[in-house]
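Both complexes shown next keep chain A, but they swap its partner, so chain B is in the first and chain C is in the second.
Moving on, here comes the complex of A and B:
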């Protein structure tokens, strides 16, 4: 079966006063229909810039998509004319963001913001768009949607606002839903509600999902595949079960070891990864993780590791990935 | 039980809301903290967890008198801080320090790292000149920072390093008690473990007592001896870290624990999750009776009428709920 989205060698740079920063540096992956891919990484690892580049939402300047392709159902998103892209955004590919308060328009009622999507993309009559919008609000679990649809975003609580965002994203039944830290601003009990909602909707509409998060627990709950990013590159990619049970990259291993867990006996000390996340303007040579790596060698300082494969769908960019299996 | 460093009784913090410009009158109050009590033993880490708006930060600040309590007592080594004013209170402050959540907002961008860490020592007239310099270098070394950074400014450091600077400042006066208010929430995952280890090391070395405030239940479990769970300005459960995580009694604690995603797909699949319905009610008009009844899966008519007291169910496991004659099984 043909993949829904294939990204090849995506590079995005930003020019800053300190020089040109390679925020995304040669990222490739592909997404099957119906799959949920988790992209994890720390701040500055390039996870958000990767998906913003796919949607061509990078402000230029200072940002620039240097190279690469992103084939979505036979069309290269990076080369499409802006007009064609606009009909894909919000229709075939939808996005939800971390902070629903800043991504909804505070001056417009929820009704206006929802119906606008359907009137633009689906050329629906206002009346039909309203019925459809109310139905979608009901589906995402907003109580008395016919009444609440007339409210402004600030009249909703944080969790409800995120539901409105999800409703808006799903109005056109997108083939791909990109969720960028959708629950980071929410409390755990509300986060649980939203994750359950995303899982239900995936089940119902068969939507393909890219979920960006720094929380490995969320990935374990929602995703089938995981890409671990570090300093603009994918450090490790694989099936979720594989990554959590047999992580191969020292960074993935370190991350998993450093988390205190509710289901295990309490350790006296946490095994932390030493050092700081890299400064993108002063990236280390070779493998960018080497200053923090316990198993580095001379080779790691000189050359970025090629992918070492473990089975069909699991690879790690590490010269020493094989040694420690 | 005998060596209690800090004890609070019937602590209330209400923020009044006024209406009218010419003759403002009080029209209500946000009941951020509503009559809570607990004690912290010397050398203990007490974890305080809860969701946003539950009053955990307000509690931390009220303990240090950064926000004056509306009523209630805060006894630090037997002396009531809530009664103290001016110089007397200022003298007590050196024994109690705070570590803040946001290392970007809690350090003055115009001061050098050296000045930031030295400031408490200067304010309390403890050291000057050469000795001050040595002390600051020693403090930086202690939190894992290179003392050569003394002349640099906060913006030159990453989040984790800034948090270390904030910790050095809190340590400067050799305090007995530190309130750490979400000290790791703003940090990257790989840095959180470093800071938790640092806090644990410093506690050992200086015999510190912590109030560790966080919404991250796994982090609280890792660092705390006992844990208090807050909901809408009240403590709903308080127990040793083992008990609260293995046999949580209050339905809210159970839901909170089951909502935490565990980074292991095999474990995740087997867990049964309790998803709470609805949102946190407004602390301006908290529900009558038990404040949790609007979201509680086990709510009974009794819960709407009577606010359950925090009761001891043996071994210092406190809970405030009406259903505990037959506790429901743990769902973690």
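Moving on, here comes the complex of A and C:
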């Protein structure tokens, strides 16, 4: 079966006063229909910039998509004329953002912000768009949607606001849903509800999902594939189970060790990966992770590791991936 | 909302009372008096004049009388300089002219200001942006007493397109309005540009683009309302200052508005006239600020007054 989305060698740079920063540096992955891919990594690892580049929502300047292709159902998103891309955005590919308070327009009612999507992509009459929007709000669990739809975003609670965001994204039943840290701004109980909602709707509509997060626990809940990013590159990629059970990259291993565990004795100190995420203007040579790596060798300082494959879907960019399991 | 309005109006009343009191005593501190001239009139006449206008009474008594007339009867009293006319008459005659000048100036300021600000913001760092902002810079820095004569010189004396002074019909209104409006147009352009650029950076604009909306809808529906908020905030005081501060333009173009009476009365120590106009203009400024605050509730749904 043809993949829904194939990304090849995507590179996005930003010009900053300190020089040109390669925020995304040669990212490739492919996404099957119905799959849910989790992209994890620390702040600045390039997760958000990767998906923003796919939608060409990078502010240019200072950002610039240097190279690569992103084939979505036979069309290269990176080279499509703006007008064609616009008809894909919000229709075939929809996005949910991190902070629903700042991502919804405070000056417009929820009704306006929902119906305009249908009016744009489906050429629906305002009346039909309203009925459809109310139905969608109901689907994402907003009580008395016919009344609440006339409210402004600030009149909703944080969790409800994110539900509005999700409803907005799903109005056109997109083939691909990109969720950029959808629960980071919410408190923990609401997080669980929102994740459950995304998982439910994904199964109901058969939507393909890219979920960006820095929380491996969230990935485990929703995703079936995981891409671990470090310094603009994919460090390790694989099926969820493989990554959790047999992580190959020392960075992935470090991330997993730093998760709190329920089955350990309570006094155990939570581990963390030593050092800081790298400064993208001053990237270390070779493998960017080497200054924080426990197993580095001289080779790691000189050359970026090529992919070491473990089965069909699992690979890691580490010279020592095979030594460790 | 109603209670808020009531509270604000009450507050406005006290502000005006405060201004009345303050300016009453301030102008009395200023040296000289309304009847001073090169050749002082004989003392008997002075005494009679002072008696007629109650200037011989204790200051506190004068103040009480004046405050009562102004705040209760809206009567600013007779002009000391033009004994046969009251300050209210001057306002009746002059204010419509000043108001008309202010309205035309405001229309020019808003049209030029917002459109050039929008162009500058939407084509940021382009030649359009730079030229609009260069003009705005010029507009802000050239004072009206330079711009006015410059316009008179170019459009009046050299090109003979427009009359250089007077107030006798539409073509007389152009130059004064342009002079008064251009300064405000410059500020509005800069505020529009700043406000729009601020909005462009907001997350919800990224959302709007991610929804696949056309650029026209993104700008008109999603950006304009928020982007123009700073302009609205500025517009209230600007409108008030246009009315109160048009004296230079009125003087240059010989416009029979209130502004020139304001200047002359202060120089002549025409106590009642200066006081009356000060109170009148401050009431207008207070009123316009209130109007802006109320307009805010319609523009920004997050703002609610209880």
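Descriptive notes on the structure:
We adopt the following convention: the second predicted complex is superposed on the first by the 322 of 325 C-alpha atoms of A that agree within 3 Å, B and C clash if a C-alpha of one lies under 4 Å from a C-alpha of the other, contacts with A are read in each partner's own complex, and residues count from 1 in each chain.
Please note the rule applied: contacts are C-beta pairs under 8 Å (C-beta built on N, C-alpha and C of every residue); 3 or more make two chains touch, one makes a residue touch a chain.
None of the values given here were measured: they were computed from a predicted structure.
Considered on the superposed chain A, chain B and chain C are sterically compatible, since they fit side by side.
Touch criterion met: A:218 reaches chain B, while chain C stays clear of it.
When the two structures are aligned on the shared chain, A:106 is found in touch with chain C, with no touch to chain B. Once the two complexes are laid over each other on the shared chain, residue contacts for A:258 go to chain B alone; chain C is not touched. Taking chain B and chain C in turn and counting the residues of chain A each one touches, the greater count comes from B.
When both complexes are overlaid on chain A, the residue A:277 reaches chain B alone and has no touch with chain C. By the touch criterion defined above, A:90 lies against chain C but remains apart from chain B after alignment on the C-alpha atoms of chain A. Remark: least CA distance from chain B to chain C after fitting both complexes onto chain A is 7 Å. Counting contacts as defined above, no chain A residue meets chain B in one complex and chain C in the other.
Interface of chain A with chain C (complex): residues 55, 57, 86-91, 94-95, 97, 99, 102-109, 112, 116-117, 120-121, 152, 154, 168. If you check the complex, the residues on chain C that touch chain A are 202-204, 206-214, 217, 221-222, 225-226, 299-302.
Residue ranges on chain A touching chain B, taken from their complex, read 42-43, 157, 159-160, 187-193, 195-196, 214-221, 240-241, 244-245, 254-256, 258-263, 266-267, 269-274, 276-277, 279, 292. Remark: chain B residues 51-52, 158, 160-161, 188-194, 196-197, 200, 215, 217-219, 221-222, 241, 245, 255-268, 273, 275-276, 279-280, 332 touch chain A in the complex.
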